[in-house]
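Next come two complexes built around chain A: one with chain B, the other with chain C.
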Partner chain A sequence: MNASLISLEIWVVALGLVLMLADFWMPAERKRFLGYAAAAALAVLLVMNLGHCATGTAFNGMFVQDGLAVFFKCFFIIAAILVLFMAVEFSDNLTAGISEYYSLVVFALSGMLFAASANNFAMLFVSIELITVTFYVLTSFQRGRLVSLEAGVKYLILGALSSAFMVYGIALVWGTTGKLNFNELALVAGQFAGNKIFLLGMVLVLVGLGFKIAAFPFQIWAPDVYQGAPTPTTAFLAVGSKAAGFVLLLRVLFTAIPSVSAHWANPLIIISGITILYGNLCALPQRNLKRLMGYSSIAHAGYLLLGVAALSMNGQAAMLYYLSGYLFTVLGAFTVICLVMRHLDNEDISALAGLHQRSPLLATTLTLAMVSLAGIPPLAGFFGKFLLLKAVLEQGATNPGYYCLAFTALAGVVISLYYYFGVIRAIYWSKDTPVDLSPILLSGPAKVTLAICIAGMFWIGLFPNTMVSLATEAVKTLGI
Partner chain B sequence: MNVGLEHYLVVSALLFALGLLGVITRRNLLVMYMSLELMLNAANLALVSFSRFNNNLNGQILVFFIITVAAAEVSVGLALIVALYRKRQTAHVEDLTTMKL
Partner chain C sequence: MNLEALPWLILFLPLLSATAITLFTMRCRTTSALLSIGAIVTGFVLTLSFIAANGFHPAVMETSANWLSIGNLNIDFGLRLDVLSLMMVLIVTGVGGAIHIYSFGYMSEDRGFSRFFACMSLFTFSMLGIVLANNFIQLFIFWELVGVSSYLLIGFWFEKPSAADAAKKAFITNRLGDFGFLLGIIILWWWTNGSLSFDIAQQQAQAVIKSPYGVTFGDNFWLTIIGLLIFCGAVGKSAQFPLHVWLPDAMEGPTPVSALIHAATMVAAGVYMLCRVILLFNVEASHVIAWVGGFTALLAALIAIQQNDIKRILAYSTLSQLGYMVMAVGLSGPTQAMFHLTTHAFFKALLFLGAGSVIIALHHEQNIWKMGGLRQKMPVTFWTFIIGTLALCGVPPFSGFYSKDSILAQALEQRNYPLFALGVVVAGLTTFYMFRLFYIAFLGERRTGVAPVSHSKEAAQAGDESLRQAGSLSYEPHESPPVMAWPLRTLAVFAVIGGVIGIRGIFDSQFISDTHAERASTFLQKLFEPFAHAPIVAIIGLLAVAAGFIAARMLYRNAESDPLPAKLGWFATAMKNRFYFDEIYEATFIRAHDFIAAVMDWIDRWLVDWAGIGLVRGGTDFTGRALRLMQTGNLQTYAFLFALGVAVVLYLVLGK
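Right, the complex of A and B next:
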């Protein structure tokens, strides 16, 4: 056993416990600053983690530390740091328990870190549940607001349903093959390719993962939960929880059952295409900005699935690249939403009117984020979509369905231009007369967060080579 | 009659289907939540019977994890339902209509 491999996770869990205990001694008016302390501690852990990347497995092969795991761990920690900064700005809206909010974010992060390293169905189940159960609480944290509670209850029922499906799937897979470890399963999965019970079990496991990433037809929860949850929670849900679903999807499809998933191109193509169309078409009439982002995140789950459906190393690398651009873009957008709309009852788009006069920095960040989400050069979203489409078209020779999928994705991009530019129009050329033209004062850390997000969007978009080589290096461990 | 693996699996599949039916048809949050627990226990039964008949203890270990996680999920879930009841005086899904498409 090699327990030193999980030192990062141990530190993160310890940080969560320290934050909970600090709640007892910290004077009430200083509690919100614990968020900065937590973010700083995570930044230190990130640098330490980058410093030495020992690889190997621990706990009898349940836990694997490889290139893919290290890539996603850095991703999750950066996401958590930006979310903690956002939570400090949001703390006025949380009547009680702000330090618990921080520690729950850190516990959810620990679940994501374990998910990045899961190499066993038991580990997959426990890490996913650690994330989901924490998010039930984070979603309904504003328990004085009915929308927040309602979002929490909806997430609870649908989340518990999907985990019940997943557990039953794991039971069937384990019952037929007798293997829980992904590498051991890969050796025997080929023999069970015709076994109906095994296939049913695998499909049920994928249903659970499809729920996490909000892919069609398991996306119903996303708009309501995104709208009702406190804004930092929504941001973490859109980035962290979705990415955790994707890393587990990669592990299950390409480490555990590569010989079976090789024949699943058609279902993956169909799910990816419908998810893109559904997300983009439903986003068109939305007036609530967080709900719009919810539908947009469904569409982006579809784009990310392009990389999975391509069943190739280029596809997986493109997906990782796209996710890293998505991290800065979405967190930038949600930071702006959080800062502009934290004192409003609902997040109607009309509240953005006159934002370029109230705060040019916020207006610029939101504009850049929308441009990047829409996939316009030179920002991160453009090159990511380009790489995903390229990976899909490369496979076109083997299956003509890939051409249809690429066409669907392009159609989705064109549809999405309408609603993303609706947001930009609301900022600069709004027809509604702005009710409030008072300038928005930004704290120093908020400016730093926005600057990091803008820099990330430009860096990943303009200098893609570094990130592409990192992503390619990371997916080599999947070995397809 | 000799009770074999198939019998246990049929019972487990029935429990799972009953739980799913409950979640889909019932409108009270507490009953829906109970049905969800039934679905988890169906999986537990399947794991334990596979474990017993295949002479492999891994499944029983996994059942411990599932029971623990289910307990955590129930505590959070019931707290949420209580908080909703205090705010809204109802535990019916039809009343969860603040957010519409």
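Right, the complex of A and C next:
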């Protein structure tokens, strides 16, 4: 038992509580700046966490602190910092309870941190629920907007449905094997590979995780929720919540049941391929930018699943690499959306017209983000896709289905060029005459956020070595 | 400071300045210029300190950074440091630096001042990349970057259609050569079993050429093909026949750009590349290279005789001198080629900057028949120009004499008498056209007091509003400001002494393994080295120069119009019209190209675009719209689809 391992989580929860309490004493006009304080506190925690990375397990093996956990914790904290900056910019749209919004973001972060370290089905369920329940509130936070409420209700009901499946699955697994701990389960999983009830339980657990990452056929909620939720929530949902799903997926598939998942290449290939096609095809006719990003995030869940489907260490490392590039790219895009469209009712693409005259920095960031999402060198997205495809093709000898999957992924990339460049075209060569050409003034922290996102996209894309070796180190603990 | 890091700094400083200018200081003209000048001058100083610390043969010849390594896929980005590259970096940053400083004065009135310096920095970066590359891929990347940045610079005044056309022509002609170059690289990659490092490729080629069992026919065949294809790249960049047509047109760029392209950078890249991989070429390939070079030298010298635009004369003279260098490479004399490249960089930069000084003083007048009498008005320009001319003609003790003589001596040593004779003739022609230019443009009476309207219009198109207004007040030529005069003086010093400060010896240490003990060591010995080494060559060369000078003096001293067309008839007309190369290309290649383009256009429009893309796009779009219908927004439907999805996955996993 080593309670010091969870010091980071304790600090983050404490930070959330402090933010909530600060609401009582802080004068109303200063409340929005609490966000900066929270972000600064998280930055301090990030640096401290990087300083000492003691590894080990705690709470009878429920909680594990290893390379993978540390990698994802850094990832989540950086995401939360950028989302908090975005939330400060967005705070004018929230009529009340801005400091609650900040503390909810921090609570969701604590859930993600626990998820990164979950090594037990009970822990997995609790951390997922901590994230999801917080997001129910974050999604419907703009109580005055009907779409926000609608999104919240949809997320709540479908989320409850998926949680029900998941908890049922956990019960079946426990019923058949008597194990909840991943490492213990791994020892006996081989014996149950033919047990249909055990497999049914495992599939139901994966259904719950598939809901989190919005993979086909559990993606149906994503566009509506992405569109309706407040923009910072959408951004956190697209990056943090999705990554939490992926780290748990890695743990379950490769720590808990490696002997079973080794036979699941075909289902994973099919799910990954269809997710890519579905996301990209549905994004084509979209005019609402946040909805488009929702479909794009489905497509990217598909790309990330390539790394899982490859069932190899290279694939997992590629997935981690891709996620880290995705972090800066998507948060950059959402920050721009947040800044440009905070006063608009619907986030139609036409609102971007003439953005390069209104604010060159915003236009540049969004252009770079779209180019990176489309996977064009030298930005992060290109290299991530390259590594993922490479990992998939390496497995081609074992299963020809991998070649089909690589081809599907390439077709998806081609389709996606159309709508990503549609966004760029809307910025620079819009046919609609821009309604509003007033310059957009950016606050200092907003500029810093954008600069961090641009630097991240370029750094990961131009100097892939560092991130590749970090990712490779991180997945070594999975042991595949 | 860590010496390993210096070369990287030298390479990336110009890129940094180009980026900084483009992103931040576009509106602040002086800062932009200082950034750009600072980057290249710092590079020069750093190179000097690197050489001072490590000598010309650093212990670590190659420094490389691993850009990417995943499994067994390793991609390195490496720099090569030896005599050849270090000297070339000195030339690029030194001569380039002088040109940068000069541009500060020359371009001061231009609207695109910051853009100009951003492009110049990008150009310097690309050129340094070529010089420091240690493998073909990296070389090729920077090779193309030079193409791009030259496009930007030649077309700098893109409002002028002629400038835009010239930029396009330069780029496309270069691409033609690069196509062969790339093909050569790919074949080389196949031939060496996947290695593109200069070292390994040259070792393999030498192993084959020097094999004691004789060269097999197949290997020799492939080596010839590889050599000739790689030479294609140099033909494009160094503007050798038949791809020489772009260089004279490239004069449409601002004069400092011409100086940069012609003296220290772009055209030198081809010769430099040939010397860098000299061991790849077998006898057959070398033969072709030598003759292409010699022919270009003669052709360009003939054309230069009948040109009237001061910059075009210098352009054809560059072509002709490049021909010399390429010929030297073909005669297996890389030392001589690099020696001539170095001295040529000094005096050709000097001549171009001098010409620029004249052009600015005469308000963008470039026709030599409208100049004259510049001696009193522009003393610095006059004296530096005469130094450049003497160096170019090869009059001892100016630098050009030593390098040109060494090439002629090499031809004789290789017992290639036809090429030797050709070289001597070209030397005579060079003196003739340079003194023709000199007599007409600088001496004699002033021929015109007022620049014609068409030219001031050109100046206005070039964005020189204020210049035109100043010009309408006074057309009196005047000496250039110090920021332009000092680079001239500095370059003039090197044009004089470049031949005797041991540059040749430095290059020798790269290419010749056994050190020549008998090579001249004291200054006096160096001064008379050509006469001691091969007296016949030196004397014949000098006779040719004298003949050219006397002919020019007889014909053009106090000439009011060109007497040559009357004497030579149709031949002079052909020379004047550049032997109709542009017209021939227009009638054959461009026609054929247009025809193929029309056929392709039809195929693209109807088969590819309509049938191929149209159907696929329509299908994709339709699928997207159809799938969208699934997203009804109805929560019950969503929950149903979710449950259905669970069932499908269960079937996938458990159904078997």
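To be clear about the criterion, the second predicted complex is superposed on the first by the 480 of 480 C-alpha atoms of A that agree within 3 Å, B and C clash if a C-alpha of one lies under 4 Å from a C-alpha of the other, contacts with A are read in each partner's own complex, and residues count from 1 in each chain.
The working rule: a residue touches a chain if its C-beta (ideal position, glycine included) is under 8 Å from a C-beta of that chain, and two chains touch if they have at least 3 such contacts.
These numbers come from a predicted model, not from an experiment.
K.L.:
Overlaying on chain A: chain B and chain C, fit or clash?
P.N.:
fit
K.L.:
For A:Leu199, select first, second, both or neither according to whether it touches chain B, chain C, the two together, or no partner.
P.N.:
Touch partner of A:Leu199: chain C, not chain B.
K.L.:
Does chain B (first) or chain C (second) touch A:Leu478, or do both, or does neither?
P.N.:
neither
K.L.:
Which angle, as a multiple of 10 degrees, do chain B and chain C span at the CA centre of chain A?
P.N.:
160
K.L.:
After the superposition on A, what does A:Pro267 contact: first (chain B), second (chain C), both or neither?
P.N.:
second
K.L.:
Of the partners chain B and chain C, which touch A:Leu442 in the superposed model: first, second, both, neither?
P.N.:
After superposing on A, A:Leu442 lies clear of both chain B and chain C.
K.L.:
For A:Tyr278, using the defined touch cut-off, is the partner it touches chain B, chain C, both, or neither? Pick first, second, both or neither.
P.N.:
In the superposed model, A:Tyr278 contacts chain C only, not chain B.
K.L.:
May I ask you to decide whether A:Pro464 touches chain B, chain C, both, or neither, giving the answer as first, second, both or neither?
P.N.:
Only chain C is touched by A:Pro464; chain B is not.
K.L.:
Please work out whether A:Leu361 is in contact with chain B alone, chain C alone, both, or neither, and reply first, second, both or neither.
P.N.:
Touch status of A:Leu361: no partner.
K.L.:
Touch test for A:Leu149: chain B only (first), chain C only (second), both, or neither?
P.N.:
first
K.L.:
Please work out whether A:Ile157 is in contact with chain B alone, chain C alone, both, or neither, and reply first, second, both or neither.
P.N.:
So A:Ile157 meets both chain B and chain C here.
K.L.:
Least CA distance chain B-chain C after superposition, rounded to whole Å?
P.N.:
The answer is 5 Å, the least C-alpha separation in the overlay.
K.L.:
Same chain A residues contacting chain B and chain C, which ones?
P.N.:
153-154, 157, 161, 165, 223-224, 282
K.L.:
Touching residues of chain A toward chain B in the complex: what are they?
P.N.:
Spelled out, the residues of chain A in touch with chain B are 121-122, 125-126, 129, 133, 136-137, 140, 143-144, 146-147, 149-154, 156-157, 160-161, 163-165, 167-168, 170-172, 174-175, 178, 180, 223-224, 227-228, 282, 291.
K.L.:
Can you list the residues on chain B that touch chain A in the complex?
P.N.:
9, 12, 16, 19, 23, 29, 32-33, 36, 39-40, 42-44, 46-47, 50, 54, 56, 58-59, 61-62, 65-66, 69, 72-73, 76-77, 80-81, 83-84, 87-88, 93, 96, 98-99, 101
K.L.:
Note which residues of chain A are touching chain C in the complex, please.
P.N.:
153-154, 157-158, 161-162, 165, 196, 199-200, 203-204, 206-207, 210-211, 216-218, 220-221, 223-224, 264, 266-267, 270-271, 278, 281-285, 314, 387, 390, 415, 463-465, 468
K.L.:
Under the stated contact criterion, what part of chain C meets chain A in this complex?
P.N.:
Touching chain A from chain C are residues 66-71, 620-621, 623-625, 627-628, 630-631, 633, 635, 638-639, 641-646, 648-650, 652-654.
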